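You will see chain A twice below: alongside chain B first, and alongside chain C after that.
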Partner chain A sequence: MTEANRTRVLPGLPPQVRRVREPVVAIGVLALLALLPLLFSGYVIYILPQYMLFGVLAMSLALLWGFCGMLSFGQAGFFALGAYTMGLCVQHAGAVGVNAAYLALVISMAAGTAIASAVGYFLFSAGVRDSYFVIVTLALSIIAEQIAVGQSQITGGWNGMFIPRMELSLWRWKFPLDSDASIYYVIVVFVAATYFFLRWITRAKFGKVLAGIRENEDRVLSLGFKVPLYKTATFAISAGLACMAGALYGTHAAFVAPSLAGVLFSTEVVVWVAIAGRSSLLAALLGGIVVSSISNALSAITPQYWQLVLGVLFVLTVAFFRGGIAGAVHRFAAHRGG
Partner chain B sequence: MAELLRAEHLTKRFKGLTANDDVEFNILAGEVRCVIGPNGAGKTTFISMISGHLQPSSGRIWFRGEDITRMPVVERARLGIARKFQTPSVFNRLTVYENVELAVLGTGRPSHRREARVREVLELVRLSEQSNRPTVMLSHGQRQWLEVGLLIGNDAELMLLDEPTAGMTAEETHSTGELVRSLARDLSLSAIIIEHDINFIRNLEAPITVLHLGRVLAHGNYDEIARNELVRDSYLGH
Partner chain C sequence: MGHGAMLTLGAYLMWATTKMGVAFVLAALISALGVGLVGLLLEHIVIRHFYGEPLETLLLTWGFFLITTELIKIVFGTDLREVVNPLPGSFELGTVRFPVYRSLVALFAVVLIVAAALVFYKTRIGIRIRALMQNAEVASLLGLNIQLTYKFVFVTGSFMAGLAGALISPMLSVDPYIGNIFLVRSFFAVTVGGVGQLLGGTLAGSFLVGGMETVFALVSSQVVAQTIVFALAIVILRFRPQGVVTSR
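Right, the complex of A and B next:
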């Protein structure tokens, strides 16, 4: 094994190996997801899109945490904001001439982006970072949950809100997404678009600056980059995506309740991303899909202990595999490849 | 040579302590200057006020005729004032190439000219062969050089080098001196250097400012400083 190869095993290091293979694997995974409705039907095809949207939520956190070094416990708050926005838009659809679901996607993205921009700009300009930022995002989740509970005349409070399934439309053409397979494909397209969008920005100049901020924020500042603007933009993009994913989740699940905004769900997102590997978008996506399905299965088998199992996995990951499964796989590949 | 930077009556007080007291300083384009003094003399405070990491309590700083006294770090960096920190401040988990690339990205060069510039800078700081290695694998001395490379890649006009030879072998220290001199000579890159290594300072053949208890104690070339009674008593004597 050469020196250069050995160096790639460092956790979190952007590895040459993954750079070449990740998009290929990602296209394979997305193609497989697209083929599933041809092979299966029933519950799997009903539930998978929700897990895929959890995958998008996980990628939104990976952008923030893995690429820029900012851990957020507020992603669920944005996800729920998106779901409630979808519900409210569709309920009041009669008032406007356009497709209410399209409007909801645009409004939820705008709302998430605007809130994160405002909060982020003040925090980052004031130099708030690391664990202080984590605490503020934790508060965001709690605030979102409290509003969902408290403003019951709008949100339905603890009873939650029922949301009709969206339909696709283009001028006079209308296509309802009532069948599981039809909405499944819409969500696969959304997942793919999100993945390639995030991949693009993380590899562009923007992403290189983020990596610099993650590694050494003061140095990036001293090189003349407006760090608060980069961090605000990252938080805003992450929040906007989480909101859009939430809007689609709302219309797919046909229901949203305050717990979707809560700290508990936010923590689950962090667990998915930590276990799967935060410095890879694909790992985060798969983490959102696979870990959330496993949690779901576990909760059916052992309702008392499943959170304990997940918690232990999380602790093990943090203690022994800082790069998560993706980091471990990559380390293994580097050893073999060397 | 045109005046690059001027500091007038620069004073910095931390509660009861006066870290810099009425310091006067100026440097020309392409000039190298050393700042020496015992620990606690206020050297790093002085550099920090020029880089913008500290705000002076009173006094003014001019860069190319512009008053930058209240300008934030990031904007001074854009003007070309670049600082090397006492402990190397680089991107440890990025490769050497990616480190310099980030510095070059900060200059707003068009993308097709970036790679050539990165290669050129790596050549200057003798890290071309390490370009694909993660920075954490470099020796301490190489990390110091990489940080100088970041300043060059960022199109610095004035480098503030806080103990650039700390932790270096004698040979590395010597080449660092050569590097700083050649950058000043060939690229007209100015440098203010804080150092303890007296041989390094002598070899630089640059004007020296001696700080003591926050004040400018003496100013001159190496021989003048070495002969100065005050300096010998307060600094060189022990």
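Right, the complex of A and C next:
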């Protein structure tokens, strides 16, 4: 069958839409990201991995918000926790004999998961939900920022902390990631792994229970599911991923400051995810990448007006297009498909 | 969530009006009315369509917060502003010195809370609000105009946040972010005290949150104090979600 035949619309039949499935688009996007270093070099390749990690942060929020109906204003706190962990490990763990950066990735994920599990189970087992959960995560984010500022002998306070770039190692083999392209590929692999991991768990039975909790928590509870455990697990996974992304961000940016944990950055993540579409992982990823790229480009020109536009877009999205851009695309496709 | 921005806005309006030479009390009133007007517009244009969806309302007011903060930055700039303290100096009571202005504001705040509680518990509008909180559907069936009541509550809330911002402005330097920290504090004060416990709850909550912060700040740093208080508030939220003060 030729290409022309396949796409031809038969008369009398409803127009056939070739449903482009999300993973196909995702693989396309990831492949495009993987090819970029061959086409570009310099600043674009340097800065893009940071935005991809913001995209991972956005996906971690989408898992919570879009799939389980829990909104967190504290994701940036976990992101910063990861970055600081990376910094501390690289500074102090040289003596252990293993690659400090690997250690940092494991510790940061464990720390994020542990904190989120503890706080999450503590709250969810008592039925704390909705707005109260938002406020608690907001407070977590403020606490993280305050600690980063206050414990300046450890974190460097307002001055921030410098972090050496990590290196890959496997027994004797060592590979420093000093060049922009090399760490770019490490992060692309991380982004791809995160995306497919999250896609897997959201489509598994686990994800179906989460959707149930989102739609009607009381009913899922009365069906016998241990809702607090599911919510805790989701929060823990989300926090662990945010922490790992933060650790990679730390080693890539080579610098971390308290504002990374702040409320403003936390809510920026919420804005990306809301505009891009809260119930699609790919949209969240792209939202994180695209919006932060645009922010960077425009903040040189009109920093204030761009933030204003973003705020207005955010309100419009929440008020009128709850699914965000992804929701609109989905509806458009469904409309055309009949 | 928008109340942080309301407070900031109140403080800036205060700065602008006192700068124009308006007397302090009048300026505070103008600022509060201005913020109340903003609240009215916000409620009428956006918020009233989203009652019954708390998470969306929260997001919308947060969006309002972002927009207002940016607008304030564009109009007023990001540099610190000072509002002149109208009553400098202090008086002594025994061995303790009290700054005049702070004491007066504290007194006024208590009076305001008591007045709000009186309105809430002793007047017709108060009983309407309480009916709305208990069961909006039944209240509307009994002939209560819920839209109007919600609007009244929202505008009053904005007015008070604006007033708080105006009154607090001489105590600190005004910058576009002063609302942030007060937002979380006030949220916790309300949660700790108990939602709907206007008199006892608000007073107990504010004293607990504010008082503990001051006490802990004496023995350790300000930062640690704030962290401990937030952590404690989370614990209270877990074990007494209905608040410390409960009726019945």
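Convention: the second predicted complex is superposed on the first by the 318 of 338 C-alpha atoms of A that agree within 3 Å, B and C clash if a C-alpha of one lies under 4 Å from a C-alpha of the other, contacts with A are read in each partner's own complex, and residues count from 1 in each chain.
As a convention for this text, a residue touches a chain if its C-beta (ideal position, glycine included) is under 8 Å from a C-beta of that chain, and two chains touch if they have at least 3 such contacts.
None of these values were measured; they are calculated from a predicted model.
Of the two partner chains placed around the shared chain by superposition, chain C is the only one that A:307 touches, whereas chain B remains out of contact. In the superposed model, A:146 makes contact with chain C only, not with chain B. By the touch criterion defined above, A:192 lies against neither chain B nor chain C after alignment on the C-alpha atoms of chain A.
Of the two partner chains placed by superposition, only chain C is touched by A:318; chain B is not. When the two complexes are overlaid on their common chain A, residue A:211 makes contact with chain B while staying clear of chain C. Using the contact criterion defined above for the overlaid structures, shared-chain residue A:130 touches chain C, although it does not reach chain B.
Shared-chain residue A:284: touches no atom of chain B or chain C.
Looking at the shared chain after the overlay, A:222 reaches chain B, while chain C stays out of its contact range. Partner contacting the larger number of chain A residues, of chain B and chain C: C. By the touch criterion given at the top, residues 69, 71, 119, 122-123, 126-128, 130-132, 134-136, 138-139, 142-143, 146-147, 149-150, 263, 267, 270-271, 274, 304-305, 307-308, 310-312, 314-315, 318-319, 322 of chain A touch chain C in their complex.
Considering their complex, residues 51, 73-75, 77-78, 82-83, 89-94, 98, 101-103, 105-106, 111, 132-134, 136-137, 150, 154 of chain B touch chain A. Listing the residues of chain A that touch chain B in their complex gives 3-4, 7, 10, 12-14, 205, 208-209, 211-212, 215-216, 218-227. Remark: chain C residues 46, 49-50, 54-56, 58-60, 62-64, 66-67, 70-71, 73-74, 180-181, 184, 187-188, 191, 221, 223-224, 226-227, 230-231, 233-234, 237-239, 241 touch chain A in the complex.
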